Amino acid sequence: MNDTDQIEVTTEVLEGTTIIKPIGEIDLSRAPSLRHHLNEAQAAKPGTLVIDLAEVPYMDSSGVATLVEAMQIARRNKSRIILCSMQERVKSIFEIARLDAVFTIVENREIALET
Amino acid sequence: MAEMSRPPDVKLELFSQPRLLAGARALISNIAQRIGFSEIFCGQISLAIDEALCNIINHGYDKRTDGKIMLSIWAIENEPPSLRIVIEDQARQVDPATIQSRNLEDVRPGGLGVYLINEIMDEVKYEKREGGGMRLTMVKLLPTRENCGSVSAANTSQGLGQTHE
Amino acid sequence: MAEMSRPPDVKLELFSQPRLLAGARALISNIAQRIGFSEIFCGQISLAIDEALCNIINHGYDKRTDGKIMLSIWAIENEPPSLRIVIEDQARQVDPATIQSRNLEDVRPGGLGVYLINEIMDEVKYEKREGGGMRLTMVKLLPTRENCGSVSAANTSQGLGQTHE
Amino acid sequence: MNDTDQIEVTTEVLEGTTIIKPIGEIDLSRAPSLRHHLNEAQAAKPGTLVIDLAEVPYMDSSGVATLVEAMQIARRNKSRIILCSMQERVKSIFEIARLDAVFTIVENREIALET
């Protein structure tokens, strides 16, 4: 992996909830880096993992696959994943892939934390 | 699918490297925009090309980074306005019939690429190339007011609704 | 200027059409960004390429839209990090010495392209191609903290000052 | 010229001042369209022509040449041209070409109208 294949991520750990906010396009070159960050966050078994996608202008099926994988891990851990603040262009791929009904997708971070 | 008689407006050749996908997307999205596709459509077209390139890297070249990928792009402004993209590789040849999208009901990582390509583009054709490798031909027509050929125009999603103007 | 022994990471071929410049810029800017160039530098590199392509269209092909232009792009991540771009055409051959920037004191429309290319890029070389047409080789090194090789680092302009990080 | 080679422009005509606001990238393909709009505005010989570049994210030397041409016309007409709201990326080309001292360039439209 090149340096530029690392995705920038900010992580906040609250009481029982972890918020992960990746920054930048998520495609085949950066999905492995995102997977690494998600695995790390999920290793601590938070009750809820919020993935804030406000700063992700683009995602391809490699990124979606990484999120589906994280959801499967969450199910095994009996924890939840909430996606929030999705940009229109990214929402469009979830809709085409009919994953908008499979994931819990909310408008913004505030709603995610109340959910 | 009619063959194009004139040479492509733009040709792009790249190695099978994930780090080069973003550049290819930027080029395609820009050309699509010039033809008149809305921002959401440009994003979807970039996604279809991205998925096709990912599949060549992952399945065709088994993630090797030294394989060649050639794109030919026609920015067709009339007759009717459309974008035509042919992607060729020198990778493994497979029976086009085996390149299929899976059942989406079964939620699991992966297996969305071919489905997305088919949903987004108006024409999609896989072939074996004579000299070895595969050829994927894709066409996307510019939606008009009468012909709102968007992906999920059928399932009236809100996100995509905005693109029909 | 050392020759590159490995093949280019990306090749782009386009017709001498102004409407295709934006796509070429988008591709180059994206590749530059991947190497680590800041946004302002990506913009400047795109500008240098744009100017070179404009000159080929205007002077090489006399505004004909059916001329071929070939770009070879090396995204060099080490040794040191840099972007190398070779632009070739099949247009009029001119003595490289005649491709010169004019005196900027004399403010008039035009005559900035070659100046901008020279200011922005670290290496610039024009040559006649063996088979006909011209070849322009350009290299831009990634500025480091020690080596703030920005355009107008000398004339301490505010706008560009922000790019040195 | 193709349809997409037409630059979108909004024009406001005030007492003695015309404001032109082009929208989009200005390169070899769109400079002729910008020239057309500028010529039209200058034909009415306004005392001041303000060119608001807030919505121009990119300009190459074809765009710059068009502006230099407009300035020469303004000089002949004994009128003024003021450029305002230039984005950083566009300012950079004026600086490299040392045209930042040749043109009157101001921060925003308000200052342009007071100048």
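Which chain is which? They are A, B, C and D, in the order written, and residues in each are numbered from 1.
As a working rule, a contact is a pair of C-beta atoms (placed from the backbone, for glycine too) under 8 Å apart; a residue touches a chain by one contact, two chains touch by 3 or more.
Computed from a predicted structure; not experimentally measured.
Taking each chain's centre as the average of its CA atoms, chain B and chain D sit 38 Å apart. Work out the mean CA point of chain A and of chain B, and you get 25 Å between them. If you average the CA atoms of chain A and of chain D, the two centres end up 44 Å from each other. Each of residues 19, 22, 25, 34 in chain C touches at least two other chains. Counting only residues that touch two or more partner chains, chain D has 2, 4. If touching chains are joined by edges, the resulting network of the protein chains shown has some other shape, matching none of path, cycle, star or complete graph.
A complete list of chain pairs in contact reads A-B, A-C, B-C, B-D, C-D. Residues 2, 4-5, 25, 27-29, 58, 60-62, 64-66, 68-69, 72, 88-89, 91-93, 95-100, 102 of chain A are the ones touching chain B in the complex.
Touching chain A in their complex are the following residues of chain C: 34-36, 77.
Put simply, chain C touches chain D in their complex at residues 18-19, 21-22, 25, 39-40, 43-44, 46-47, 50-51, 54, 57-58, 104, 107-110, 112-113, 115-116, 119-120, 151-152, 155, 157, 159-160, 162. On chain C, the positions that touch chain B within their shared complex are 9-15, 17, 19-20, 22-31, 33-34, 75.
Taken together, the chain D residues at the contact with chain B in this complex read 2-4.
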